[in-house]
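Shared between the two complexes below is chain A, which has chain B as its partner in the first and chain C in the second.
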Partner chain A sequence: MTRVAAGLVLLAALALLAAAGPALAPWAWDEIDFTAFGEGPSRRHWLGTTQHGRDVFAVTVHALRRSLLIGAAVAALATFLAALVGTVAGYAGGRADRALMWCADLLFVLPPFLLAAVLAPGAGTLALVAVLAGLMWTSTARMVRAAVRSLRDREHVLAARLAGVSAPRTIVRHVLPALASLLAVDAGLNVGAAIVAESGLAHLGFGVRPPGVSLGALVADGGPAVLAFPWRFAFPAALLVLTAVAANLLADGLRDALDPR
Partner chain B sequence: MAAFLLRRTGRAALQAALGASLVYLLAAAALDPRAHLAGRAPRPPDAVVDARLARLNLDPRVPPSARYRVWAAGVLRGDLGRTLDGRPVGPELHRRLAVGVRLVLPGAVLGSALGIALGVWAAARRGRAADLLVTPLTYVLAAVPVFVLAVLAQTAAGAVNDAAGVRAVTWTDDTASGLLLPTLVIALAQAALVARYQRGSTLDVADAAFVRAARAKGLRRRAALLRHALRPALVPQGARLPHTAAMLLLGGMLVEQVFGRHGLGAWLAASVARGDVNAVAAVGGLAACAVPAAALAADVLHGLLDPRVRPA
Partner chain C sequence: MTALAVADLRVRWATGAPAVRGVTFDLRAGETLGVVGASGSGKTALALAVLGLLPDGARAGGSVRLRGEELLGRSDAELSRIRGKDLAMVFQDLSSLNPVRTVGAQIAEAVRVHRRTTRAAARAQAVELLDLVGIPHAPQRARAYPHELSGGMQRRVLIAMAMAHDPSVLIADEPTAGLDVTVQAQILDVLRTARASGTATVLIAHDLGVVAGLADRVLVMHDGRAVEQGPAEQVYRRPRTPRTIALLRSAPRIAPRPARARPPGPAVLAVDALVRHHGAVRAVDGITFDVRRGETLALVGESGCGKTTALMEIVRLARPRRGRITVLGEDTATLRRARRRELRRDVQLVFQDPYASLNPRMRVRAIVAEPLTAHRLPARERVRELLDLVGLDPSHADRRPHELSGGQRQRVGIARALALEPRLLLLDEPVASLDATTQAGVLNLLQALQSRLGLAFVFVAHDLAVVHQIADRVAVMHAGRIVELGPADELYAAPAHPYTRALLDAIPIPDPVLERARPRVVLHGEAPDPANPPDGCRFRTRCPIHPALPPAARARCAASDPEPRPTGRPDHQVACHHPLPEPAPPTLRRTT
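Then we have the complex of A and B:
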């Protein structure tokens, strides 16, 4: 339970920083200080400036906000897709099941970075979210399907079916609630995974489009210059790792708390 | 066993072929090679650009399905087409892949072995000092993205160089010392992931009846774990092989990029930007083959580790 609490506190702190940070910072994230290019931390710029004269603190909290939003959106969409496909495949069984799972298998074979690389450029952040979610739902869907297959023959579901409740209504009223914990855990894990995945894409130049920034874009930007300008790398990288740790702590803690084994 | 393997091989081949085809069709439909050729200075005449695109099987006026047929016929003959500069894709893919393999493979093997050892060790000492040290460490390490780890390793190496006064650690060439840092980074990342799973799967079987029977027979806990629990605990690890292959492919591209190597990742990024459909399809096709191949390897490994799945 301590892990859940630690994850929650950490995530809440990060969310607070993302929400309040821009108001706290004396500079706007896209504001350029023409008197300070690539300078180290000072009272004027708490965490220094980039080579373009942007305030590192302001840019990073803005990027954190963007990354958290992307992570949350991807996780919500991926978990929704997984719940939809997993329950339909598991509940219907037979041919529909085989066809859906075959599609999920094929998606896993396709290289995710390549799809994002080919599909996301030119389109905005929404396309990026859709691509990331489209690639992340398959493993959750497989777990949902397995759970639904065992739930399908439980007494309370059979009773609903015998009482003449329609299949979609049975799924929503009697199957999905039993899966809520599994879905919640997976959504939590997906938030962290999505943020890290976006960062990876940013490293190859396929993440959020400039001038927009995400934590991954800042890390990719600051990495090569780390020996000369460590402050450009350290803060975004630390936030990225903290976000991933927080999401994992929360999800793992929840899984252990909810799993009676 | 032979029939089972044959069936699985057929399925893997089908998946790879479908995946590679999908990648080609996507790339052919989404990318625009014309802009790159026409955007050169001085601007070439349209007819020249068109002729060049047609020669490279990249003509946007030909529907992707027709281009796909030409490409697929070439691939079946072992010809992956040509890049936008007119050089053959095959040798370039080979060269780039070699860069990645040199960088990633030693680290992956080393990291997996280290991870299994650490995981079993932590499970055997569950709740004791070793476990309390190893488990949180691997937990945090597994959450650090590999490209952050690579930059941290470079920073540490830079500090070592500064302290020593000479460039003791380099990471830009492919000599043994130049490969040390990338190998270390991949090994650490891989070990952290593997150790977490290995600890869990070892604990899952540590209380199984057959391990308790071994203990009751008089084996020490250590011997019981190594002789009887290790093998079944490796089964879930083998099942993760396709996932690991996909992770390593992407991680390798990122590590290459951070260590300034011109490998698959850099080639993919540049090819997407240029609209070089044949090169993108080659990298994608490689990935689409790697995952089913790893799945096949996982099936074989499962058969080797678990006698119950072997048909009598």
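Then we have the complex of A and C:
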């Protein structure tokens, strides 16, 4: 329970920072201060500036918002896809099951970064979200399918079928509620994973395209000059780590809280 | 010599709730004490306290002396040196076997825990122990993994482990729970041999019949107290407390009842030569029977005989692989989709496990209303009516399944099955998971509902005492076939098939004198592998009369599987080449 609380508080704080940060900062994220290029932290620029004269605090907070949105969107989309495909495959069985799981296996064997690198360039944030979600749903879908298959043979599900309840209604009333904890945990883990995956892509130059920024892009930018301009790297990196840790704390805690085993 | 002396034993759970409130008994070497009582009476808490295995936070007070030495208050490490050696236990839970190690290795481990001996010697002793508990081909079976053994065999392995060090006291908690009567009889025989070797046994059971044949003394528990204690014969024949009397009364027993003629009218359900194979497994292999309005047909047999498969095949209302199922005059093979949905309202199922068959997240109201809303029928009034019909209070509608007792849950299951006013109710072991007292209540309810609503029942069960109470006709199944079918009274009074006879013989009678006096034919071995049944008569390998037959008659058993044919008695058929003769004294019947 403490882990759930810690994760929640941390995530809430990060979300608050992302939401209120731009209003707090004296600079807009895309504003350029022509009098300060690559300067260290000062009263004027709390966390210094980039070598292009952008305020590091404003840029990072803006990037945090983008990263959180990407994480949440990817997690929601991936979990939804996984729930849909997993329940249909598990409940219907037979040919539908084989076809859907064949698709999942196919995505499973392709190297995700390669795929993302091929698909992502030139596309916008929405496309990036779609690509990441398209790569992340497969393992959850397999878990959902296995759970649904065992639930399908549970007596109370059979009882509903014999009572004449239609298949979609049986799924909604008797199968999905039992999967809620699994899906909640997985969505939590996916938030962290999506943010980290986006950062990885950004590092390779395939993430959010400039002039847009994400935490990953900032870390990638700041990395090479970390010794000369540590403030440009440290703040976004710290936020990235915190976000991932918070999402995982929440998911882990949820799993233990919902699953007494 | 006193092997175990328990004095004023008190147990409190971690919540502070008392589980045992002052129980005292002595147990001499070679003696068996039967501890009986309804579930929740503190039997298991008593056993755990004696063993020092109470869950965290629970506390025990009083005194437990094993051969004069006090056990209470000792550390777990000290107790570990005694447990499994001088003080052994058999639990009903088979998960105490490790699934990834052979049973031989596990018994050998139990041997080596308390005795310095070589691996090979321990192995050899493991085989000896397996032999002692009656496992055939012990050297081969020692190399088997738990999942390769049947439930009865696994239970024997646990007893073998318990017997590894010739313990002075053996505590057996429901050692035959969930086993078929035939296997139960075998396990009780094994416990008898343990007693013969001088081990004092505490036998805990909710079934008074199980205890009757074995216990020298009986202790009746209720609400944590020993309400009665004494020699078995006295407790069973001259019980002194109302609790004991109630417990004895609720024990299902086979008492003669007036014969009933079959009700007239067409069959609600007719099954003709139904076959259901799962791959090579011949689960159901050609069965034929019918049920009329207001009539109960019971399908009985050991686990794995195909009775539940047959039920599930009927409830599907689909075209069977082979054979024919006719419901209310309609062949299920020719049904169209919409008509099948219509017919589904007439055929409903009551499940064995009231825990699993109710969605734990739903309230009783929603559970009972589900069939109604699915068919777009008004639910609100009807739910109240249904709850009333099955003897539940309207206030139960807002509870969730876990807030109900087992009997109440089963009543909810029955209410749900009745919601659509079916004409045929299929019941899959509906009382198997309930206490004897609760069982009686649910059975009475079913009987009342049947006569009130004119329902036809197909009742699947392995407990022949329960079946006798409710069934008009009984079909005995063995290895996917019906070996005998006839009116319940006829079949119980004068079985024609040796398998029926053996099943009836294996039911323990809750009376120590009768139980010990009667001649018993313990059926050896277990039901044949349904994927590979013996050729000829499938019962041949276990048949108690087969070995005694003349060679020519024996050859017939090996040559062909007998088809059901009439015995000459009304509505009675048997599938046996050499059916048991009808007992002689018809004169006696006429005079009464």
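By definition in this document, the second predicted complex is superposed on the first by the 261 of 261 C-alpha atoms of A that agree within 3 Å, B and C clash if a C-alpha of one lies under 4 Å from a C-alpha of the other, contacts with A are read in each partner's own complex, and residues count from 1 in each chain.
Rule of thumb we're sticking to: a contact is a pair of C-beta atoms (placed from the backbone, for glycine too) under 8 Å apart; a residue touches a chain by one contact, two chains touch by 3 or more.
Every value quoted in this text rests on a predicted model; they were computed, and no experiment measured them.
In the superposition on chain A, contact is made by A:200 with chain B only, not with chain C. Shared-chain residue A:159: touches chain C; no touch with chain B.
In the superposition on chain A, A:114 contacts chain B only, with no contact to chain C.
Contacts of A:248 after superposition: chain B is touched, whereas chain C is not reached.
Of the two partner chains placed by the overlay, only chain C lies in contact with A:174; chain B stays clear of it. Touch counts on chain A: comparing chain C and chain B, the chain ahead is B. Interface residues of chain A, counted against chain B in their complex, comprise 105-106, 108-115, 117-119, 121, 192, 196, 199-200, 203-206, 219-220, 223-224, 226-227, 230, 233, 237, 240-241, 244-245, 248. Residues 154-156, 158-160, 162-166, 169, 173-174, 177-178 of chain A are the ones that touch chain C when the two sit in their complex. Across the complex, chain A is touched by residues 15-16, 18-19, 22-23, 26-27, 30-31, 139-140, 142-145, 147-148, 150-151, 154-155, 158, 242, 246, 249-250, 253-254, 257-258, 265, 268-269, 272-273, 280, 283-284, 287-288, 291-292 of chain B.
Note for the complex: chain C touches chain A at residues 315, 341, 344-345, 348-349, 351, 353, 356-362, 370-371, 374-375, 413, 416, 419-420.
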